[in-house]
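Letters A, B, C, D and E name the chains as they come in the text, with residue numbers starting at 1 for each one.
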Amino acid sequence: MKTEDMIKEITRISGGNPAKCMKCGKCSGACPAYDEMDYHPHQFVNMVLDGRIEELANSKGIINCLSCFACLERCPRSVEPARIIEAVRVVTLREQGKNHLKPDGIPAILDDDLPQQAITSALRKYAK
Amino acid sequence: MQRIGVFVCWCGSNIAATVDVQAVADALAKEPGVVFATNYQYMCSQTGQDMIQEKIKELGLTGVVICSCSPRMHEATFRRTCEKAGLNPYMVEIANIREQVSWVHKDKAVGTEKAIILGRAAIAKVQLNTPLIAGESPVTKRALVIGGGIAGIQTALDIADAGFPVDIVETKPTIGGKMAQLDKTFPTLDCAACILTPKMVDAGQNDNIRILSYSEVEEVKGFVGNFEVKIRRKARYVKEDLCTGCGLCMEKCPQKKVPNEFNMGLDNRTAIYIPFAQAVPKVATIDANYCLMLKNGKCGLCSRNCTAGAIDYKQQDEFIEEKYGAIVVATGFNPISLDKFDEFAYSKSPDVVSSLEFERLMNAAGPTGGTLLRPSDRTHPHTIVFVQCVGSRCDASAEKGKEYCSKICCMYTAKHAMLTREKYPDTEVYVFYIDVRTPGKSFDEFYRRAVEQYNVHYIKGMVGKVVPEGGKLKVQASDLLDNRQIHIDADMVVLAAAIEPDKSARPLATKLTASMDTNDFFTEAHPKLRPVESPTAGVFLSGTCQGPKDIPETVAQAGAAASKVIGLLVKDKLIGNPCVAKPNELMCNGCSSCEKVCPYGAITYEDKPFRGPNRTTLIRRVACVNPAVCQGCGACTVACPSGAMDLQGFSNRQIMAEVDAICK
Amino acid sequence: MKFSYYPGCTLSAKAKDLDEYGRKAAEALGITLEELPEWQCCGAVYPNATDEIATRLSSVRALSNAKKAGMPLVTLCSACHHVIKRVNHDMLNNVDIREKVNTYLGTMEGAEPYEGDWQVIHYLEMLRDCVGFDELKAKVVNPLKGKKIGAYYGCLLLRPGKEMQMDDPENPTILEDFIRAIGAEPVYYGMRNECCGGYITVEDKAQAKKRVNAITDNARNSGAEMLITACPLCHYNLQKNADEPIQTVYFTELLAEALGVK
Amino acid sequence: MQVKENFTPTIVAFCCNWCSYAGADLSGNNRLEYPANVKIIRIPCSCRLNPMFILRAFQRGADGVILCGCHPGDCHYTTGNYYARRRMTLLFSMLDYLGIEKERTRVEWVSAAEGAKFAQTMNEFVEAVTALGENKRLEDLRCKQ
Amino acid sequence: MQAVIKKKAKELLECGTVDRVLGWKAGEFFYDLTPAVFTTPEEIDKDFVFSVFSGANMSKYLIEETKKEGKVAAFIKPCDSYSLVQLQKEHRIKRENCYIVGIACDGMCDMGLVREAGIKGATAVSEKDDKLVLETIYGEKEMPKEKALLERCVHCKSKKVVDFDEMIGENGEENPDCGRFDEVERLEAMTPDERFAFWRSQLSRCIRCNACRNVCPACSCEKCVFDNPDSGIAQKAAASDFEENNFHIIRAYHVAGRCTDCGECSRVCPQNIPLHLLNRKFIKDMNELYGFYQAGADFETKPPIMNYTTNDAEPSVVYQRGGSK
């Protein structure tokens, strides 16, 4: 995927808008996992904007983020870094080929015999 | 039928190059009502104007059409020309054949044809023009200033100096406003009280100024030059004219546990009180929410001790009505409530304070007598963390805080940090900032002094959490330049809370029919060119009610507002724009549709007698437009179902005639 | 008062106390909790990614079934509540998610479309808004006098405040009010709404330990003798990973005790 | 629908005095061309535009009518264009309901600084109306077939 | 019903509550009921009629009646009551000069539909259960009342009398799901050509008799814009066909936001032009674009066309909305 598309994809999945960031750093001031993360919440926002998604994808940060939403709650600009970190995490897991399904693909593979649990569980593999 | 003269301008070659001006004049000469048509090189030149005047007189023209540049350019010029020749200036119409024809069309035939059509439309309109005479209204030579902070005081002083009487309406028991609560002022660090209180005294003693403290604007009627305002004088239970301000009552008052708003609730006052020593008027006020006498009729100590006999427990709110020519809004600001920012533990720890509270803690007249002490245990703080932009610059969808920059926080935080370091060199001071914004004369130098001379630690980053523990405030924050999270055990945290317009501003705006933005700041008539006037004629803006401002800017705007007011009050009468709405009373239903869409409150209703059938008299409710208030937008004309409301100068028939001329 | 009740997997296995005391206490308060038939695991982690549909399905089924039963849905586990409440918010506000979920459920299960128009509340909200803490106080037979209790909220119950809408996410009072209602004394401490590191507890014990220690130290230094929580993950983490654990119990246990049904 | 050869539509543009009329002047100042069949009528504010004026124009042979006013929020009279916006929305919807081609009516917000936008808008509008051909429907809505 | 109403009318006159009573009396035919003013109990006994043909909206008559000395009583059906409130909002009715008796209503009938049902030579009507009983010169005939209901009653939006001094019968409820916009939707779904053909065929039947204007409670202007020489459109002498062409569009526009959808315009149209479909289009658009609004439902709310929000839809929304085929 091209960098621009990647930025769009991350933004779309996150449901947030990194461009709103005013670089105040409150997210990283609020983060309880700051010291364990190699890239910190404010960096995620900035690096996604810069297209440095590869680096983020390979970082410890996507695992060590506790998804506690402190950054999301306290963000004055509604950037909500937790959503962006999650989006990077999700895209990474999907890109690495750990699953072959995308929700948009569901209707295509629907047939009468396939039990819905199969789909649910298959889809869930990449989530967590 | 009018006798119309048509004057086609060449504008040098600007028009003549792409429009056959002779052909235009010839074609328009054949239009009904046209008795004369000509063309000339420069109609706006003296010779051109002389020609128009000559022809008006010579041919007895009743209407003039000028085919030239945009009316935005020379309409006023040509109206004056015609007026001098004895023609009503509103009998002139301009066909814009430069901006709309010669400059945008290259083909001469096409341009000429269009110029003729535009000329016809103008002729069709002039056929229906009627002479309009601008209305006049008298001016009441008295001004009202709403709000008695530095903005209101300065405006009142300037107006009074010009010789006009001014009333200041202030909702608190004293004038002075926020500035009276400040300690020092940036960037010169002179003491706020030292520069403000002389002005308060001036205002109190000026013969032209009447201070109506502890009062509110109840109702506003009328229009520019002729406002009628009803003012509520809240019962203070003390006769203002008798009270000497000796303060004995305060000593005797047994109810001593009232949170002192002047000190931001950091200490207590008595139920009968004078807010601070330099109050103007220096008159006591009884706080009815706390007074034992007023609450359960048992006490009366103040009354017994008052040698002037000023106490009156039976006092009621009074109303006064006064006429004004101009109104100045100076309702000021407040820091926002910090309820939604409890990650800083503001509501949990008394040692987390707002900047205005810190201001009081530093002030010699404050609750600690000017010694900086922690509110919790009255000990000297050794580490202080300042947090900037609390509630400023927030995204709207965050649903807390304000979208705008509050403008003054960077400077007062630098001041606080500097003063702290100066008075208490053993105190470490950290300032967390997003950006340090210091545009202004000597402002950045001031901030740099805090950093370079006073060694204040400025950290680019933001505090994310404050946890009170063991008498300390554990501050967790980011240091973005160092790319690390830092933890500081602070003794005090000071929050630079965003500022917002005073809550009284919104209802006041409704009473004044003055407009506001989404943040409840008053809108100016033009953001650049008319910054101290509200779009509502006769209403002016002073200070932070219009937007965040520091003291010098506020004073400058106060002076500007005053000069606008003086400019209005020196006039003996106001001449209006005659192109205003006019109802045909015979057709008016009195249905209030027009009133609902009028942005100026220019429409009122009257019950008027009309002749009915069989010599009866019928009383009907009909609309009346105040021509001094109406600005001529025309919203009402479309809202009116019967077409009873029309707009002079742009009447239904005139516009229809233009449509017909163009579509023919 | 009758409610649909969603216990969730953890409450059926590892956190039986939370569930059992919750049910007993409800009974004592005259509340009927009707367990949803055939509920499924909520997925335990809310799918933040807006394009994940499958992980939202079981929450929608639970909500939809509660709607059919005509009773508001009550949850007890913080994690389940977080997931179901937020999925409900998505179904109400995110057209894209709503359409995809309904298309899927419609085609696969012939289910009626669900529009996010049913109420899901946490047990605590039921106590506060349906029973009322004053009413609860009146029903307490065994007030827990003198107990100094710290409320531990964690993250999932409160955040994101705009979606969870339970309490002020930075200055919550619901657990403190609860503690007061059962006769004990609430102790404020700043870390009560900071994360315990529950999500990382399997992968990175050290990080979880650090988080938990910060919380327990702050609670103890602020005078708390015990902590209460609504979250099985926090409960586990606070008990197992702290260097010096502070006694932590589910709030329902104290509720049952105060109502004399423990 | 008959389309005359070399059909040039008659377009009436109502422009508010404060923004759009000035915007039109600016496109003149900058020599930005637009078709000559656009004729501007100056009104004080977009809220002065009575739907009757539009119907009248159509009935007298106009092929398209456009209203230009200040951008919402920038009205010289504070609220005029907000009223105009509702009035025109409802009127256009009604004309569409009667089967009149909705491309014949348009509202565009043009500020005093948007000379280029004014010219561009007029070019586009003339093009759209030219494509529709002559307006017959409003002229003869009631004529017996 | 008639007996109860007549009794009430007489009572109000006799005990001096009112000086006049506004009611219905028979015209040339028994179904041709027209509003009339009664001043004595005797007149009421003689001429007062209330039947399924008492469809006329009484509120408009109160404009003139309440200008007069003394007090007038009026019998107001639910749909009339919305006009009554709307006219008060517009300061047209002096409420202190009238006494309003609300009457519960389960629909008024259309004589045309009775004839269509094959019943000829009718001379009187009465109701039995949910049937209409018609005395005809050929004997008594029956038909289900629902088959004879006026269009507006089939899609009755509300059975609630919104303003009254006393009620006869039990007050009903609003009925938001009355399906009154179904027909508008059907038209919206057509192509513009089809719609144009539809409206042309309808409007070209108009004979400009002004019946719609005369009956409409919203068309109560002191002088209609079409008769106003300063409006620029009343130039009859200039042989303008502007008025002819655009009368109904302008009328619908002028009553938009004030029209309570009482349906009188269509009821009285001698050419059976479905004029209410024009009004309903405006109502439907306003509901969809600016939030639900019912004219005359209360005394406070501003009509959407005299109101705004800063983030209203742009007029270009018309290009995207339904009916774009």
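Here, a residue touches a chain if its C-beta (ideal position, glycine included) is under 8 Å from a C-beta of that chain, and two chains touch if they have at least 3 such contacts.
All values derive from a computational prediction rather than experimental measurement.
Asker: Using the touch definition from the top, what's the fewest steps needed to get from chain A to chain B?
Answerer: 1
Asker: Could you run down the chains that neighbour chain C and chain E together?
Answerer: B
Asker: Of all the other chains, whose mean CA position lies farthest from chain E?
Answerer: Chain centre farthest from chain E's centre: A.
Asker: Taking contacts as defined above, which has more of them, B-E or B-D?
Answerer: B-D
Asker: Specify the chain with the shortest distance from its C-alpha centroid to the centroid of every protein C-alpha atom present.
Answerer: B
Asker: For chain B versus chain D, what separation do you get between their C-alpha means, in angstrom?
Answerer: Roughly 35 Å, centre to centre.
Asker: Just how far, in Å, is the C-alpha centre of chain C from the one of chain A?
Answerer: 25
Asker: Approximately how many whole Å separate the CA-defined centres of chain A and chain D?
Answerer: 48
Asker: At which residue positions does chain D touch at least two other chains?
Answerer: Those would be 51-52, 56, 60, 79, 83, 87.
Asker: Hey, what residues on chain A touch two or more of the other chains?
Answerer: Where chain A meets two or more other chains at a single residue, that happens at 70, 73-74.
Asker: Out of chain C, which residues touch more than one other chain, so two or more?
Answerer: Residues 170, 194 of chain C touch two or more partner chains.
Asker: Under the stated touch criterion, can you name all the chain pairs that qualify?
Answerer: Listed by label, chains in contact pair as A-B, A-C, B-C, B-D, B-E, D-E.
Asker: Considering only the defined contacts, which chain E positions touch chain D in the complex?
Answerer: Against chain D, the touching part of chain E is residues 184, 187-188, 192-201, 203-204, 206, 225, 231-233, 241-242, 244-246, 249-250, 252-253, 256, 278, 281-282, 285-286, 289-290, 304-310, 312-319, 321, 323.
Asker: State the interface residues of chain C toward chain B in the complex, per the touch definition above.
Answerer: By the definition above, chain C touches chain B via 162, 168, 170-171, 188-191, 194, 218, 221-222.
Asker: In their complex, what parts of chain C are in touch with chain A?
Answerer: The touching residues are 43-45, 47-55, 57-58, 94, 100, 103-104, 107-109, 155, 158-161, 169-170, 194-195, 197-200, 203-204, 207, 211, 214.
Asker: What residues on chain B touch chain A, complex-wise?
Answerer: 343, 389, 393-395, 397-398, 400-401, 432, 434, 460-465, 476-480, 483, 485
Asker: Using the touch definition from the top, list the residues of chain D that touch chain B in their complex.
Answerer: Where chain D meets chain B, its residues are 10, 12, 17, 21-22, 24-25, 27-29, 31-34, 36, 39-45, 47-53, 56-57, 60-62, 76-80, 83, 87, 119.
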